[in-house]
Each structure stands twice: as structure tokens, then as C-alpha cells.
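Two complexes come next, and they have one chain in common, subunit A, joined by subunit B in the first and subunit C in the second.
On to the complex of A and B.
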């Protein structure tokens, strides 16, 4: 009999790792071409190949799990470890930017006027839009937990409603932050304050967009009956990612907006 | 009906109490399609659209790689213009 006698998933040969690696090459060489020769063709190709690879690779994973049943308990355990390790690596990514911020802000140089915020910088009031943003992300943590419990209780309508509200809150955060960026009295070019502020909050914003996208995909899959009450790891992974993004924001808010 | 429209309507319909226009559960049909013993790998098992998307992606991958190598070689030998 030609069938497997183990619980693991031996995947079909797939072209996406190759196209994904090429996409990385095109993105990086594209950046170099943009910076040095003012040409965006290569970078655009890189973005397109990245997008196409992501869409098809993750589509295949949905097929392998929901439609072909390959995600047994040991496989799911491996995916859980994978997601946790990935989020841990992202935490270290942000630690770098917090390090940069504290390096510059704890001992401000004479060039900055010897104080923080530096002379001439008018920081944003932390009790206006930034506080609203904090409330928005904390609320999204509540609604996604509501959605999860509704899913486990087989309450379809409530889980869809709660996840929709979660996605809306994520998009609302992005819109508010975009407006703040536009209205800010300082730019990324305004010394080390501008650099640390926009790089740290900018990468956070990018992660909010990634998290919202992940949640939108989960919402579509939830509507299409892909999840069961006991098996919905994609949803849990999106929820973990959302909570991680929320925690990063809390650290950003306390350090850069409030203390800074 | 296009998938994105049916899902937006799906979101709205999921808020409704009546069962008349609800999204149908097509998971069983998908399971049948993707478990068919036809030797196709998962990235092509969905049908014609899969092949088209694969060919498009592979084409831009190959074209992009060539263009990338060409650009890098060109950048490595700068022309001195008088």
C-alpha cells in the first residue's frame, strides 16, 4: 500500500520558494537601482513577484489544510512553534529601534540643545490622537477575543460580527496614524528625533497593515466555513500577531509619545 | 458572482437573522476537488486559473532575474562619459 504511515506533511513540489527568493533579489537590487539610477522598474517587478508568491503560497496552504486535511496535530504543533518563533524575531527587530531611541534620548547631545525633545521640536500631544489610537488597538484586542470565543462556541453570526469590528478598528488606526503623519510639525529629516520617531512608528504602522490584512483573510475564511470550533490555527495565528502589534504600540506610546 | 463581492455581501448577510440569502458552505466540494487522484500538485490542482497564475508568476520571475543581473553588471562597469 502506497500511503504514509506517519502524521507529518510531506508537501508537493512547489515553485513558490524559488519565486519568493527571486522576489527578494528583485526587491533589493530594485532598491539599489532606485537609489542610484532613479529607476523603479526592478523594484516594481520585485513587489509584484512578492505579492504573487505570497498569495499563491498561502492559498496552497489553505488547500493543503482545509481541503486536503494534511494539518494533523503534530503538523499544527510545528506551525504554532513557527509562528511563535517568527513573532519573537519581530520583537527583536523592534528592540533595535527602541535601543536607538533610548540611546539618543537618555543622553541628548549638545547639538540637540542638551535636552529631549531636542530644541525646536514640537512633539505631538500624547493625550490627543495617540491616546485614541491606544484605545482603538486595545479595543481590537477585546473584539478579537470575543470573536475567538464565539468561534469556539459555534456562534457564527457573532464571530463574524466581532472579527469585522476588529478589522475596522485596525483600518481606523491606520487612517488616524496616516492623518497624524500628514499633520505632524516635524519630519523624518528633523534630526535624530525625526528619525527615531518615524522609523519606529512607521515600521509599527506597516505591521498594523500586515496584521489587518491577515485578519481580513481570516474573516473571508470564517465566512466561507473554513474554520471548525476546535481547529482554526490560522485565526489563532492572526490573533497572536494582532496582540503582538498592540503590545509594540503600548511600548511606543509610553516611550516615544509620553516619556519622550 | 465575483468572490470579493460575494464576501462583502457575505459579511453583510452574516449580520442578518434570516437564512434566505446566506453564503453557501462549499468546503465539501473543494475537498472533493483537491483530493481527486489526478497526480496534480497542489499549486495546479484548482484548474486553469492556477496554471495561468503560475505561468505569469514564473515569467515575471525569469524576466526580473535577467533584468536584475543585467542591471547589476551594467552598474559594475560604469561608463565614463566625456
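On to the complex of A and C.
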């Protein structure tokens, strides 16, 4: 029994789970230090170690899969399940914030004037930048599908172009939202309206940034010939994540921007 | 009509059942009657009419609302920071 006789991947010992756990501890204690003692050192250290762990762990995964061939069909199947379960958990994360929004907005209290939007709040016009943002994310869904089909058809130029446009759209969304945040007439401190608006859209924006980062990594890997026409799970996972982010935005747009 | 309102006011004991607010949480009932009283007063004053009929709403909110809420709301109306539409 000198070699493995099963199709699964028994991973080599790795320091990244430990560094990741340490990073999580530094981040959380760093947050507490920032909130209560006005010091950002611990948190900065936490962010740095988190970043380094992520980069090196995922780099190792690319090495194990693309360069060493450990990602057989069963392994890939497990990764698919994993990504789907992760995205599902994120859906529930957002459900919490939508719950908070609807709890406060369906039965507005006397403190708010008994109406929603609360007295004194001037919401953003949903048919201005928010509508553009909707178009941008929907378009990114189209371009990433185009990129995927081009990849499967071995059309290198088109797949690179389409994925580049997808990334650009993601960055454009982030820039537009950042400008909206800066120009908004209300802040996170403006009662429950401000809280629900900025926490929900804020976490969504963070997820757009995460999704864009994932897609940029895919673009680099695509250019460096990592993917084959039949095996490119990293790309598919990024595409799923991008679609999820788009769907969350649609719910945000309908609930908070339009109905709200 | 004014007589029957006077009769209702004379016979008033406490706020009657209001099917608009059937549940245990009566906050909205208090709030609505507070608003309705002040809106009624304002409308009658604008028309130059008799505001006696508005007293019904006043009786109801006096029965239902915690005194601290009424005081806080009266203060805010004074300051111009009352969030409700009157």
C-alpha cells in the first residue's frame, strides 16, 4: 500500500488553519480594543494575518489542484457542496438584516412619527444611482455567463474580455455606492432608518468587494492558463458568488430603496 | 348630532373597544387618538367651527396613553420637533 487507492484528497499538514484561527482571535480582540480603548494596533495585526492566511491557503489550493492534480471528480463534488452550503449560510446572514428592516418598517413607532420613511428622513431616489447600480449588477451577471460559455468553448480571447468586463462592472458598482454613501443626506446614526439602511447595504457592498476580488483572481488564473474547458471550478464558484451578490442587491433594491 | 356627542361625552367611562386595534398592544390606539384630537382641533380652528366634538378623542387618549408619553409629545409639539403629522 505505497500509494492511495481512493480518489479523495488527504491534504498535507498545513499551518494555515492555525494562522487563520490566530488571525480571527486578533481581529475580534482588535475590534474590542478599537471600540473601547481607541487603539487600532491589534485590529491592524488581525487584518494583516487574515489576509496573509487567505492568500497562502488559497495559493496552496491552486497548487494542489492545478499543478498537482489532486482535484478529482469526487473532490470537486465536495467543493461544490461546500460552496453551495457556504452561500446558503450567507443567505441566512442577510435574511437577518432583512428581518430587522421589515420589523422596524412595517410597524413604525410613534418616535418615528408612525410612518416610514420616518419623519425627517429623505430617502434616496430609487430611480437615480440605485437603478444604475441595479443595471450594472445585472449586466455583470450577463457578462460572467458569456465568459463561462466562452471558457467552455475554448474561446480564450472572448472569455478574458468578458471576465474583464465583469470585474470592471463590479468595481464600477463599488465606486458608485461609495459616492452614494458620501453624498447621502442621512447617516448610520439617523435612527433605525439609518441603521437598517447602512448595515444591510454596507454588508452587501462588502460582499461585492469580496466577489470582485474572487473574480480578479479568476481573471489572473484564466490568463495564466489554469483552467481547462471542462475543469474550472474556481471560476464557477466565483460565478455562483457573483450571482448571489446580485440577487441580494435585487432584494435590497426592491425592499429598502423602492418599497422603503 | 352635537347633542348625541355631548351625551356620549357625559356617559364616558373609558375608551371603548376599537376594532382597528384588536390586539394586546394598544400603542397605536393611543397614538392615533392623540393625533386625531390635535388634527381635529386644528381643522375646526381653521374652519372657525365648534371644537366640542374633538373632546371624544381627547377622552380616549387620556384613558389609554401613559402620562409620560403625553407629556413628552406635548413638549415636542411645543418645540416643533413632534414627528407626527398634525
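By definition in this document, the second predicted complex is superposed on the first by the 259 of 260 C-alpha atoms of A that agree within 3 Å, B and C clash if a C-alpha of one lies under 4 Å from a C-alpha of the other, contacts with A are read in each partner's own complex, and residues count from 1 in each chain.
We take it that a contact is a pair of C-beta atoms (placed from the backbone, for glycine too) under 8 Å apart; a residue touches a chain by one contact, two chains touch by 3 or more.
The model shown is predicted, which means the values in this text are computed figures rather than measured ones.
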First (subunit B), second (subunit C), both or neither touched by A:46: first
First (subunit B), second (subunit C), both or neither touched by A:83: neither
Partner chain in contact with A:239 - subunit B first, subunit C second, else both or neither: neither
Per-residue contact with subunit A, leading partner among subunit C and subunit B: B
Which superposed partner A:23 touches (first subunit B, second subunit C, both, neither): first
Touched partner set for A:225, first subunit B, second subunit C, both or neither: first
Subunit B versus subunit C as contact partner of A:118, first or second or both or neither: second
Partner chain in contact with A:157 - subunit B first, subunit C second, else both or neither: first
Sites on subunit A touched by subunit C in the complex: 109-115, 118-120
Touch list for subunit B against partner subunit A, complex: 7, 10-11, 14-15, 23, 25-27, 30-31, 33-35, 41-43, 45-46, 53-54, 56-58, 60-61, 63-65, 67-68, 71-72, 75
In the complex with subunit A, residue positions of subunit C that touch it: 27-28, 31, 35, 69, 73, 83-85
Subunit B-touching residues of subunit A, taken from the complex the two chains share: 11-16, 18-19, 22-23, 25-26, 29-30, 32-33, 36-37, 41-42, 45-46, 48-49, 52-53, 56, 60, 63-64, 66-69, 156-157, 160-161, 164, 219-220, 223-226
